[in-house]
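Order of writing sets the chain letters: A, B, C and D. Residues in each chain are counted from 1.
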């Protein structure tokens, strides 16, 4: 049996759709973290609408959906003002953090901490704050629903 | 807290895609029972393709998908020969039983035993044989996936 | 330049959704003839809903949508009573003829007359009764719309 | 009968996916002009993929697809560098002009000249350069295909 490791804290320079949020604030809830870029077609066409469906389908006191804008290319076109316009036009309602950059590093900090390969990346964190799944690319609703249902049942049994 | 009741046994006159199957044979596995009619548009366009996706996505030793042809209208057009042609043309691979009729009763027996209101109806039975969910109509993949994931986690914890 | 030939008359044993219809009755209108079988998945999932969209989108005095049930397999499962139940359940509103069979011939007469290779087959007939396009398989809405728009413009110019 | 008016010339500050293009250069071809904004959800999810389908489905010597980036809001987020990244990520291949602005006017010039109400707007121009259809909002493939087929047939008859 593999020991599960704690999920690294994310590091956001600013937040949209709500106050700054730390992973520790969400202990007791299952967390679906979605790393995206606003100009990534797989994010805009598939993964972000899926996040919105998850955000609406599950009780928020049990499951938290968190977006993270992990910009690693087209930096000039995907700044905070552009992201704000994007979130407004698409009516996304879940909290979105802007992954922080170290000076001179094109890869943002949380993306490095999780060793993400690109966008979209979906990360599942259980109610005890442990990293349970990290998936690069598109995932279908059936598989994502099953993974979420499994972690929610575990949290219920533990609680 | 409500006591959970055992799921009633289904009563099939014959089977396609495999040998006759009793609910008791599936103890230890989560069961997704799908009551359908081949000429029901919501079944053909949505629920049956969804069953096929579930059948392919989950390990069969943990989750069993079972179709049940619960004919309560258009009896002359939905007989076993028609069903066989239908299953062949659509390449459905999961086991399908034909719900048995009592003489003179348009509603078949399993449909009565479960008090189903129509087709499609999705029934979730846990690994201990208890009825956990019965849903008349279309269900989206996210909600169905979550319900399946929850029962599978429960079965793992119990096993 | 190829001389265009007149489209062969269809030969229907009976009609649903209206009185018997001859190709000659439709002179002056563009005709979209759709040969299908009710248990053909490509017909049920794609081509028949497309016919319904065409039937609703274009003025009926300029464009006639005609279905033809060209049964060449699963004869026992696709008889007129089964077709009637199918058309009723799916709420198809356009006229549908049942392609007539000669005794002992599994292929129906109109299917032979047009040398169709299977279902779905879409046939476009211009306002002068000439065969303009015959397509076996799925066609997308953009291509079908363009073909219909072209024949309708021609009919307007001629009228 | 209404006299048809010539389509106004568009006024682009720069071009992507090819050399600068004037409407007069396209005389003899049917033109599908698509006014969009990269952060408009109806454009990104529906109208731009539809333009790509049209661009691939029709012969280019008969039909020209032209995109026009008519930015009237979120100017800071939808500049040329952002548009270039967007077109690159989505692999759009048809020529796209950037609608020119007069100093101090949030509405760009071509948008004013055509009295467009927003994005997406689809404009159909016939082979003689006349404005034939202007549609604000989403249009389905069947209707767009029919309109294009009609203008192409007209052009063939005239040519």
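Note that contacts are C-beta pairs under 8 Å (C-beta built on N, C-alpha and C of every residue); 3 or more make two chains touch, one makes a residue touch a chain.
These numbers were taken from a predicted model, which means no experiment stands behind them.
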{"item": "Relative to subunit D, chain with the most remote C-alpha centre", "value": "B"}
{"item": "Computed distance of Cα centres, subunit C from subunit B, in Å", "value": "36"}
{"item": "Between subunit B and subunit D, centroid-to-centroid distance (C-alpha), Å", "value": "50"}
{"item": "Multi-partner residues of subunit A (each touching 2 or more other chains)", "value": "none"}
{"item": "Touch-based graph of the chains, sorted into line, ring, star, complete or other", "value": "ring"}
{"item": "Chains that touch, pairwise", "value": "A-B, A-D, B-C, C-D"}
{"item": "Subunit C to subunit D touching residues, read off their complex", "value": "53-54, 57-58, 140-154, 157"}
{"item": "In the complex with subunit A, residue positions of subunit D that touch it", "value": "39-41, 44-45, 74, 76-79, 81-82, 84-86, 89-90"}
